[in-house]
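Please find the structures below.
Here chain A shows up in two complexes: once beside chain B, once beside chain C.
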Partner chain A sequence: MAGSLIKIDEEIVTSAVASVTLGGSDWDSSYDVYMVKLNNVTGSVDTEHLFLRILVSSSPDTSANYDRARKQLKSDTSFTNSSNTNETKTYIGQQIGTASNSQTNAVMYLFNFNNASEYNFATLEELSWRQAGNLHGNQGGWVSTVQQASNGVQFYMEDGNILSGTFTLYGLKK
Partner chain B sequence: MATLEELTVEATAEIEAAKPMYKQVNNERLEFTEADYEQAITDLANSKFDEQQYGYIEKRVEAYGALSEQMDMQFKDATNGTTTWVDHVAKVKADFPKPE
Partner chain C sequence: MATNLEFIKSVEVTSSTSSVDIDNVFTDKYDVYYLSLTNFQTVGTTQTRIRLRFIDSTGTVVTGSTYDYAYLQMDSIRAFADIKNTNKTFLDYNLIDKAPTGAGLISYIYNPYSASSYTFSSWQNVSVWQAGALELRGTKGIGVEKTAQSIRGFQIYETDTRPFDKAKISVYGVKG
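Presenting the complex of A and B:
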């Protein structure tokens, strides 16, 4: 059915892992747009970010080509801008940890991942209940400024492990 | 202040202590390869370096508080002849110093 989300890959983390991969050998290149959903992602070390890298030929792209532009929404203080260029990864979750209810939830839409002559873009809508006990969100996105095709994404914590969470990749049916 | 090389030594020791580390791919929990461990060391060392060099910026932004509250402090200072806002900013800068 046109406009449907078709599940391509899902990783349900129930014991500690340092990284989670969506796509790779499971990647289905027949879609133009993909959606990634993160639900109840928790980390083992306090006040650490959840990072993302794209997969190129199923391997994480560690080159310094990630740019981000976002608005940070904060329940405890003023909103701020969050931007940077030429990073080796891009952050998704913000300063989560082992505190009660601390977790990240997010939705991203991925564009141009199958197009070797365009940059890979993603929109990001994210909310984290931080280790500090307040809510921070991000609205915006990121881009990998390399003209290359990609076949998935990898998530990992700044330090320590991902303790739990559901990571789901969908294709958006035309 | 530590150099990146010194922080890499520190990160290597932490990753060694954390072994075995795992990755989840295709719903399988697999131990890191040597390349994965090397990347984890690089990432952790870079993260420590960034925190050392630039961590004070985010901490200061958080500690300064909402602009509306700071404006309120300044209004009261102007009205009462106090120095609450300047003292507040000075304390934040002292609490989270810029690396030399």
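Presenting the complex of A and C:
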């Protein structure tokens, strides 16, 4: 990967916003694989998840076509499988909140976003310091089961606003 | 076109040692770092655990019971296992041993330099060793050092007085 990561879009949140969009009018369709980095993402309401939707023609796709499969790693208790189908969004972060150091960090690799004849899917490598004061994370992936091209992703909290965080979209140079 | 993955430092191990410090690599220039550990091999043929500890802003290795971690352990000849721990003195990665088996690892480090945040890590590792049957073991994990303090580097070390004599550890900044 060294020497091949090209920044396309970045949003730095320093005050409350309802959602964050990467891509849209800033999307660059010249890549096959994209990387999304989330750093120090915090929310305004306690014990809420960070969600994601893909952008289709720059608008969030709210259709019930998101599937997920992950292993949830937990430093304080037994691991669990996290899977579901036909959701209207996909889970990214754990139950974060306003507690000190509570935050979500993650890296995702996006595939097939420019291909109108295939599904859009992604890997997910995420960790959160939760409102409850423990470390949980996801290792796995998600898919939007619609054959369509998309041009970005939108992040929003389950409830309340995103208070802070750096959201960055990169292309992997061919 | 400028890349946003910027090389910072590589350290190569070429003689027997039980620990290696990769110091003065985390700065205010980046919030997220990418690490790679390649060609990791012990002197002897018996496995040892490899672990990470951070180095604080004074150059002192952080050895307090302030590390939590969790990883999924996937093994070619044994049952998978969920490994979790809180309040440990290290982040635990895997077992390694002598060539031609060895090990590799990549990791992201979040917020090390920030004095107001914990330091977080996620990683993927694969190791192979021969203790009877050839055994492949991968780990996918997460970890945290639970002190809001500035971290400037890290130490990789082994735990069983079975030193390693080969490794290349590289650090990159993931530029926003």
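Here is the rule we use: the second predicted complex is superposed on the first by the 171 of 174 C-alpha atoms of A that agree within 3 Å, B and C clash if a C-alpha of one lies under 4 Å from a C-alpha of the other, contacts with A are read in each partner's own complex, and residues count from 1 in each chain.
In the analysis below, a contact is a pair of C-beta atoms (placed from the backbone, for glycine too) under 8 Å apart; a residue touches a chain by one contact, two chains touch by 3 or more.
Source: prediction; values computed, not measured.
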Report task. Would you sort A:V146 into first (chain B), second (chain C), both or neither based on which partner it touches? Result -> neither
Query raised in the report: Who does A:S78 touch here: chain B (first), chain C (second), both, or neither?
Result: both
Requested in this report: Identify the partner contact of A:V33: answer first if only chain B is touched, second if only chain C is, both if each is, neither if none is.
Outcome: neither
Report task. Report the partner of chain A that touches more of its residues: chain B or chain C. Result -> C
Query raised in the report: Taking the superposition as given, does A:L135 touch the first partner, chain B, the second, chain C, both, or neither?
Result: second
Report task. Determine, under the contact definition given at the top, whether A:V17 touches first (chain B), second (chain C), both, or neither. Result -> first
Requested in this report: Mind working out whether A:A69 is in touch with chain B, chain C, both or neither, as first, second, both or neither?
Outcome: neither
**Report entry** Which of chain B and chain C A:E158 touches, first, second, both or neither
**Finding:** first
Query raised in the report: Who does A:P60 touch here: chain B (first), chain C (second), both, or neither?
Result: first
Requested in this report: Pick out the shared contact residues on chain A: the ones touching chain B in one complex and chain C in the other.
Outcome: 10, 12, 77-78
Query raised in the report: Tell me, which parts of chain A touch chain C in their complex?
Result: 1-7, 10, 12, 37, 39-40, 71, 73-79, 100-101, 103, 105, 107, 125-127, 129, 134-137, 139, 166, 168, 170, 173
Query - Interfacial residue positions of chain A with respect to chain B in the complex - result: 9-13, 15-21, 24-26, 60, 62, 77-78, 80, 88-89, 156, 158-159, 161
Query raised in the report: Within the complex, which stretch of chain B touches chain A?
Result: 21-27, 29, 32, 36, 39-40, 42-44, 46-47, 61-62, 65-68
Requested in this report: Mind listing the chain C positions that touch chain A in their complex?
Outcome: 1-5, 7, 31-32, 34, 68-72, 82, 84-86, 108, 110-111, 117-118, 120-122, 124, 140-144, 146, 148, 172, 174-176
